[in-house]
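Below are two complexes that have chain A in common, paired first with chain B and then with chain C.
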Partner chain A sequence: MDGYLITILSNIGMVSFVALSAYILLLSGQISFGQQAYFGIGAYVAGIATVMWQWPLAGALLFGSLAAGAAAGLVGLATLRLSGIYFAMATLAFAEIMRIAAELFVYRRDIGGIESGPDGVDGFRDIRYFFANEFSPLETCLIVYALLATVLAILCIIERTRAGRMLRQIGEDPLLAEVHGINVMSVRMIAALAAGAVAGLGGGLYAHLMTYVEPKSFDIMLGVHALAYGLIGGLGTAFGPILGVLIDIGLLESTRIFHGYRMIVFGGLVAVLLIVRPRGLLDEVAVSRIRRALRRRRDAGD
Partner chain B sequence: MAAVDLAQNTLDGLMIGSSYALLAIGFTLIFGVMRRLNLAYGPTIMAGVYLGTAAFISFGAPILVILAIVVIGAAVVGLYVERLCFRPFGEAARTASMVASFALWMQIEEAAMHLLPRHMNPFPPLLSAPPLQIGPLLLRADHLVMLAATLLIAGAVTYFLARTRFGLAIRAVIDQPRAAAIVGIHVQRVMMLTFVLASAVGGLAGFLIAATDAQVTAMIGMWATTKGLVAMMLGGLGSVKGAIAGGLLLGVLEAHAQWFLGPQVRDMVAWGLLFVLLAFWPGGLMGSKALDRTMAVGRRV
Partner chain C sequence: MLELANLSKHFGGVRAVDSLNLKIEPGQIFGLIGPNGSGKSTTVNLITGLLDVTHGSITLAGEEITRLPTHVRLSSGIARTFQNIRLFGQLTVWQNLWVAENARAQRERTNFFSRWMGGDRGARARITRALEFSGLADKADELAANLAFGEQRRLELARALAAEPKLLLLDEPAAGMNPEEIGALDDRIRQIRDSGITVLLIEHHMELIMAIADRIAVLNFGQKIAEGTPAEVQAHPAVREAYLGTAG
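Coming up: the complex of A and B.
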């Protein structure tokens, strides 16, 4: 595989984490404009762990993901009782506060003769873990996809359990869910924690693959794109948001067929697509059809 | 001297805040009738302002012609957004509307960049009169025009909503769309016209802002969306008075924060205030009386 293809694949993989993060909250009926904040927290924390504290990668990624999850929990305490535009704006406000905080955040130390660490607006450069440990681009790409596959598998399993159905029911009608004895607040809290941790994991990977992260990397554009991917790809399955990322980055950005007009094409395409399929390509109906077809084929095979 | 600084900051903040208030009035009208967020509101304004700027650069159009181009341009692009993002969706697909409007945001912004590729473009200034001196305070004449225009438009919109037949129809659609339809109001037409009206108000705001700065940058779309949204949320949703209060508060707050803490912290203070308000006092400036109603509206987003 050539380098360009690997880079594109890695990008698709990393953005998928944020898309999945927004998707988890969408399932619970909450629209967040702020999942990029947890992506940023994960990126900075994991980067600091490998560069400044010389941690191994696995520990750093885990710590970054946990830190992002913890931040999401704290924000959740203040915002989860809000709904609709109130929740969306509160999460956006938090994400913008974090982005500006990153612009002001300076933590420089001398590491092995080189001054490194986050440097305000200039961002956090030289996160060279993969380079220093001689990982090839293919290997790093495989790490991204192994983690993405793990997250996807967990999400798919949860969606088939009682907890997953509770989450969807809350998304459909929180009042009805409450009447059925579901503790809406705690399920939403767990969803928010999970969404934060997933975005944080993606951020940690991003920082190490890109070797740098700057406050601009997690502005509002990333958050709203992540939200859009779920709606384009479909809200019926966790593969939906990934399909959305594939369509945008894989098809439009990387092939460069619409160079200079990509957004004009993509914007129009998405608007028209949503008119035809307001819950995305792989919406609940499509997913249950596919499941039924698969089951029929399996039964016929037996 | 500190007292003079405080007074000067407050004055500057009120002037800038009046443009935020105009943006928030347009936003709140759209949100009121649609109950959906129009993320393409800022880019709609950008499209109008860019068309006006292009006319200024290419033909040296006089300022009143530019004003007309900006307002009509914004209204037409607003109609396009309404047709593609709001008209086709029913009650069930509010998120889809919002994401579709985001998609058009990207589209309109790229189209505008093809029209004027440079990051910064000149715009004809509103007035070239020297600043007025009131005691130790300085007041720019064009800022005064902006404040006057805001109050005038806010008054006109309030009068229009309260006293005209069409305004009554708008309020009916805001309160109870189904009941409005039952008594014979053409709800979709009211929604469309309100949308176009709000986009035109936004265009006017964009014109005033560009003329006061005597320049337009590519950031104006994003800027208008975020400032308008924050001002609207600060004031509480769905009220013209709240939009004005929110806009002026945001302006004054930013002016003081910029003076005492610098431009980066300025933005942080505005977002921080919004976060705290939403977390602890979600009704906005209009207080808890409006809360129940606006929460009910918010739930339908």
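Coming up: the complex of A and C.
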């Protein structure tokens, strides 16, 4: 497969994690502008684990994901009582604080004769795990998709459980959910932890595929895109945000059809969809229609 | 069943509910009436925990629930409808009932798996029964938002019932209904009482409430100005004054 295509596919895969992260919170009815922070935390922590502590990749990714989840939990304690615009602003503020903290973060050590580690504004270079272990781009791409498929499968299963339905009920009317015996705060807390962990996993992959990260990779633009992916692709299923990423990166960025106008086209697309289809292309109605059609087809096939 | 002692709710200077004492016996239909803004909905919001009590206490079946979080109160047996219909509009009729059914089940579930993963065989039968009781059996797969007004009211009632409450709070269930629908509602509320559920009914529709309430309390400016049987309340001078603005 050609290198350019693999790179694009890998990008789509990695960004999908942060899109799913924003999606989980959107389901619970909260708009976070800060999921990029957990992507960043996952990237730094996983990078430090393989480079500075010579951990194996799996352990590093898991640790990065857990660290991001824990950070999301702490931020959640402070922000989950807020709603609407206040929650959005608070999450953005926390993400900016973390980005600035990353600009100040210096942790350098001599690793095999080279000084390595996060170096403030200059970022964290030479995260060479894949290179050192002679992974091909195709192999790394497959790792991204294997993990993405796992996360997607888990989300799809959860959505069909009681917990998943509660999440949607809270998203629609938290007060009514509360009256129906749902502990809104604790369900939102679990959602925030999960969303942080998912973003952190993506961040860990990102650090190793790119081989370097810098604080400005995790600025608000990433967070805004992550939100927009769910809103474009649809909130009816976890495949919605992935569709959003495909449309943006796969179509607008990579094909160069809209070269130079990408942000305008993307912004316009978001605006139009918010008006005509406020819950995205694959919204609840579309998803239930697709499910019914699939069921009918399966029944007819028997 | 329910006892409010010295219950007050102040919004800044507004005393929406002011030292209210009420005692509702089990198995009653208890009517709560009063002019607009007299504190009826606020009382319901206090009982369900959506508003914090300024002072006073709420006791349900002998247990004080004044400071319990809202989501726990439903498990102690309180269900309600809203003055402005409140449904999960993007869920189907069936799913709306499922929510309440789920809430009922929460009471019995202690183990993590069944709590979060769900699945309950009895639920389907109970939801089907609730749909039939409310005349919504053929609408099960419709989105709640697409129902007609009267159907939405019925669904709200069905949903409150699906939680299998001990105490049902109805905030103006007849608002916006035509006489025929009100007749059906009258029957339904009596059936609910006869099935053993205590009902607190708030209504502006006097004919309905006078016909079915066992006992009525009248609020004005957050204070109880009269209480008794429908006949007693109707004859009460303070009530006439509150409603007509003249001493009767």
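Note that in this section the second predicted complex is superposed on the first by the 302 of 302 C-alpha atoms of A that agree within 3 Å, B and C clash if a C-alpha of one lies under 4 Å from a C-alpha of the other, contacts with A are read in each partner's own complex, and residues count from 1 in each chain.
Keep this in mind: a residue touches a chain if its C-beta (ideal position, glycine included) is under 8 Å from a C-beta of that chain, and two chains touch if they have at least 3 such contacts.
What you are looking at is a predicted structure, and each value in this text was computed from that prediction instead of being measured.
A.B. asks: Which partner does A:294 reach: the first (chain B), the second (chain C), both, or neither?
C.D. replies: Neither partner.
A.B. asks: Just to be sure I read the superposition right, which of the two partners does A:181 touch: chain B = first, chain C = second, or both, or neither?
C.D. replies: Once the two structures are laid over each other on A, A:181 reaches chain C alone.
A.B. asks: Which of the two, chain B or chain C, is in touch with more residues of chain A?
C.D. replies: B
A.B. asks: Does the superposition put A:104 against chain B (first), chain C (second), both, or neither?
C.D. replies: A:104: touches chain B, not chain C.
A.B. asks: Could you tell me if A:74 is touching chain B, chain C, both of them or neither one (first, second, both, neither)?
C.D. replies: In the superposition, A:74 touches no partner, neither chain B nor chain C.
A.B. asks: A:146 contacts which: chain B (first), chain C (second), both, neither?
C.D. replies: So A:146 meets neither chain B nor chain C here.
A.B. asks: Based on the superposed arrangement, let me know which partner A:261 touches: chain B (first), chain C (second), both, or neither?
C.D. replies: A:261: touches chain B, not chain C.
A.B. asks: For chain A, give the residues common to its interface with chain B and its interface with chain C.
C.D. replies: Overlap of chain B and chain C footprints on chain A: empty.
A.B. asks: Where on chain A is chain C touching in the complex?
C.D. replies: 161-163, 165-166, 168-169, 172-173, 175-184, 284-285
A.B. asks: Once bound in the complex, which stretches of chain A touch chain B?
C.D. replies: 26, 31, 78-79, 82-86, 88-90, 93-94, 96-97, 100-101, 103-104, 220, 224, 227-228, 231-232, 260-264, 266-272, 274-275, 278-279
A.B. asks: Touching residues of chain C toward chain A in the complex: what are they?
C.D. replies: Listed in rising order, the residues are 48, 50, 69-72, 74-75, 80, 86-91, 95, 98-100, 102-103, 106-107, 115-119, 143, 163.
A.B. asks: Within their complex, state which residues of chain B touch chain A.
C.D. replies: Touching chain A from chain B are residues 31, 37, 39, 84-85, 88-89, 92-93, 95-96, 98-100, 102-111, 114, 222, 226, 229-230, 233, 237, 264-265, 267-268, 271-272, 274-275, 278-279, 282, 295, 297-301.
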